[in-house]
């Protein structure tokens, strides 16, 4: 009855480590880490039960940032939800925009111009660079490095944000994609500065890796820590670099081939052990692939309109129906499920938040590890609370 | 292994330490109040209302209180009350004007949707970001007097966009004048059965602007 | 991947007596879905996951939809005026989007519906089949009020534990507990007046 | 502190001249007392200033490493930042949790500071410039230094906070693990010098080979290895990155400092920097020739300046390491101590014994002596390092 090798029903959450607590071993210590804690990446709480320093139980608690994004969007027009998607995963507004625009385009049957597709790929890959760079910095911060990797990451991130700002007018809340294209046309000068950035990024990654990848302390802290089996990863809906680090080569850019990704050659790095080090390294390698995609896209980008002037933005009333559409965001599968009843605002609007779903197996990964590792494991999951809580 | 990775890391930080003394790329901080980075032209912060003349901002607002932006604003930070009377606009046409036009910048999320939906090019994004105030409520709730800024200011912060807007408005005005002339000529002509000229945009409602490039 | 209709027949072949019906999607995306009856949902889900041709091992998205009671008018020649008004009872719906990582296909949309929106809101949990449902079903429970039987840890997830009501339902009424702040909006000001009848706070009315 | 050297030049004698000028009018028994008080006051003043400057330098260096300027708003080059911090700390509310043990909570920072100041007594800051000339000075130093961890445990336990408690436990485990290699790495020096008195150890490192290679212990194979062990253990003893586990902010907020605020918090920092300074001072004394000049031609520069220079260089390395490395985990920390540092220090003891025994070897035997010495230092390092690093290493990745 279980040919796919997936975990049977017995592998449900629950403490898998039996904690010994008698007179010799003493009591268990329950520690509420968060919501105000330096390493929970925002207002996130982990109720951790410790046996010494070993985690025997861990329950994530969130919702502190909950604003019912979905309810707000159901009361807003289709266009009016676009700026709210910026605020889900506020590191990756461009990919959130794209995913939402793609969902509405599929719902309303709107075609996208060729130049806009290229610009979307460029921006999505820049977002991936930005997100993964920051993640490596945050991960090392969680591992106790005094901010140096993080500051180097932010130094490079700033360059990407400058590009976003000069194109969309805002550094993080870009609100850039529109149904049927993009809002502003990148100038030749913008494309040139993007090329310059992409050309310099490989050098930065080399320096970054010299600082981190060969570091014995980093290896000792991450290798063999927080292992995730491919079966559990797939069953738990883990997506993105985390899934690939667990050894499953599933990349929506390849599987769905949305946008113009089939036109570009790139490889999908996969890990073997599914531990924290693999999650870190897969992201580093993905950045190198992203640089390749960016080179191709910036070389091939055609001239033409960026947005179909007839494409309806305001007062869009898609035909009644529903759509689920997803893209490969930097954190995983970011999808939008929309139901239209023919009205000016969606009847049902749902975000599939990769950060939240990747957290499902946090306890499984942390059990039996030390409390210091649980922080690093959380860092390697790569969550943004704006998206977890919505 | 055996600490070589650690030494490699130490070499990287040492390079950055030394580099920070002579290499601008390794010393990226801008000392903000004294030094300022140039804002990109596309930079946007909060909306403002465009008026034609700096001397009479209230009299020359482009806004005709159509309330589209109020309806479209996702966080609903715009509040408009229409005027009871009409004032002549830049073309001399009598128009409704906003008796109240408030934007609560504490609520505004700088999304620029009001700009995109405005068919009259009357609301644009400002670049002033130093808005810190001690009064949490009053100072962040901007009325139409605080919001009105002349077209020349718009030209200075977004030259490309303003150039396009101005040429579009000029074309619309010329077309309107042309239409008026044709209409006058048609009225003057003895035969009223003359075919109507091809639909020209009327002065009251220029064509909705294409999304901003 | 097989069409939704073929998958339906595949389920019916293995689970005779199961209630599986096709829900067509009139939209342009044409993602049709299967409506599973609650009684056989768990077996059907296991079948979808483990069937060698389907292997839908990845449950991507789980969400709820609230369909409140609504009135429709139907043509009825016997009734006066030729039309009759009929009340369609409301229900809560849970939608699952399934993909196959092993075979790279998807999505298959699976739905389940509760009997009504008030007391019969229990559906079987599919968390035993796909672990990814764990948090998402909790979210549906939290925001829509669908009770998942067999869920290992059914608690509120985004709202706090003491919270009453389910905010994503269409008839949810926001609590009247806002903090005073000056606003240009007339209706909010009106509500403020109800909350703070006297000049309890130094209200600075915006200039009209 | 006895009378200053009489044969040295003026700058070398300056501290003693100043002291004698201040106290020469006093009667003899009182003069001894006043001289001691002046020594204490000088140490407190100098290291107090160094602490203030060090906080600034640390932030500046960290900033520069991270491509930013560091504090630069208070005074020229941010020079007043320590003052501003001091004022802030002094004026902040001192919060004692209701559930805390108030007495221990108060005593912990005081005791910590006291113990860390005690260690300054036996470090020779220059020729004859030592506060207390103890025959067992090195022993005294380690005894006083290890008491600081007790204060950290006091702070952690008395705070009645879970984070602080975990930190206290970590501090104790760390103490037990690293006190041993620290001591073991000092033993070869004592063996070579034949004395436990710090000034005599410095004296024994005087002289030069061929006129330019100083006879510092660090320039011998066993000395280099012992210095490495001592330095790593000193990082751990002073709770500095990558061994700052008791105050690991990414998991334990601020560890034992979680419930401290105001000036008590500042005292902890002061003690941390004092501990760092005294351990660096001891490292300089034991391995880097103390106040000895590195070249005979440079001996005109006063001895205390050389000591200060070496001390600051070591402190900068501390800061540099902190700017670079992530933190170890608790079990890795103890494993590193017991499986790497302690065996290394023990083997090194044999290496130094061999070095002493082969003192008379000359000619080609000299080369053999060096070869054996280096093999005895590097061989265990490689072997133990391999064992410690088994199972971790760079990986290659495949692509789907």
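We call the chains A, B, C and D, going by the order they appear; numbering starts again at 1 in every chain.
Just so we're on the same page, contacts are C-beta pairs under 8 Å (C-beta built on N, C-alpha and C of every residue); 3 or more make two chains touch, one makes a residue touch a chain.
What you see is a predicted model; the values in this text were computed from it and never measured.
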{"item": "By mean Cα position, the chain sitting nearest the middle", "value": "A"}
{"item": "Chain pair with the higher count of C-beta pairs in contact (B-D, A-B)", "value": "A-B"}
{"item": "Rounded Å distance, chain A centre to chain B centre (Cα mean)", "value": "33"}
{"item": "Centre distance in Å when chain B and chain D are each reduced to the mean of their C-alpha atoms", "value": "61"}
{"item": "Centre-to-centre distance between chain D and chain A (centres being mean Cα positions), rounded to whole Å", "value": "44"}
{"item": "Centre distance in Å when chain C and chain D are each reduced to the mean of their C-alpha atoms", "value": "64"}
{"item": "Chain C residues counted as touching two or more neighbouring chains", "value": "none"}
{"item": "Shared-contact residues (touching 2 or more other chains) in chain A", "value": "148, 152, 155, 211, 213-219, 250"}
{"item": "Chain B residues counted as touching two or more neighbouring chains", "value": "1-3, 6, 9, 12-13, 16, 28"}
{"item": "Residue ranges of chain B touching chain A (in the complex, touch as defined)", "value": "1-6, 8-9, 11-13, 16, 28, 40-44, 68, 72-74, 109-113, 116-117, 125, 210-213"}
{"item": "Chain D - residues contacting chain A, complex", "value": "62, 65-68, 162-163, 165-166, 241-242, 244-245, 248-251, 253, 322-332, 389, 391-395, 397-400"}
{"item": "Chain B-facing residues of chain D, complex", "value": "61, 64-69, 320-321, 323-325, 381-382, 385-386, 389, 393"}
{"item": "For the chain A and chain C complex, residues of the former touching the latter", "value": "1-4, 6-7, 9, 11-14, 62-63, 66, 68, 70-71, 106-109, 232, 234-239, 248, 250, 255, 318-326, 333, 335, 337, 339-340, 347-348, 350, 352, 356-357, 359-361, 389-390"}
{"item": "In the complex with chain B, residue positions of chain A that touch it", "value": "76-77, 79-84, 86-87, 148, 152, 155, 158, 162, 165-170, 173, 175, 178, 183-185, 207, 210-219, 306-307, 309, 313-314"}
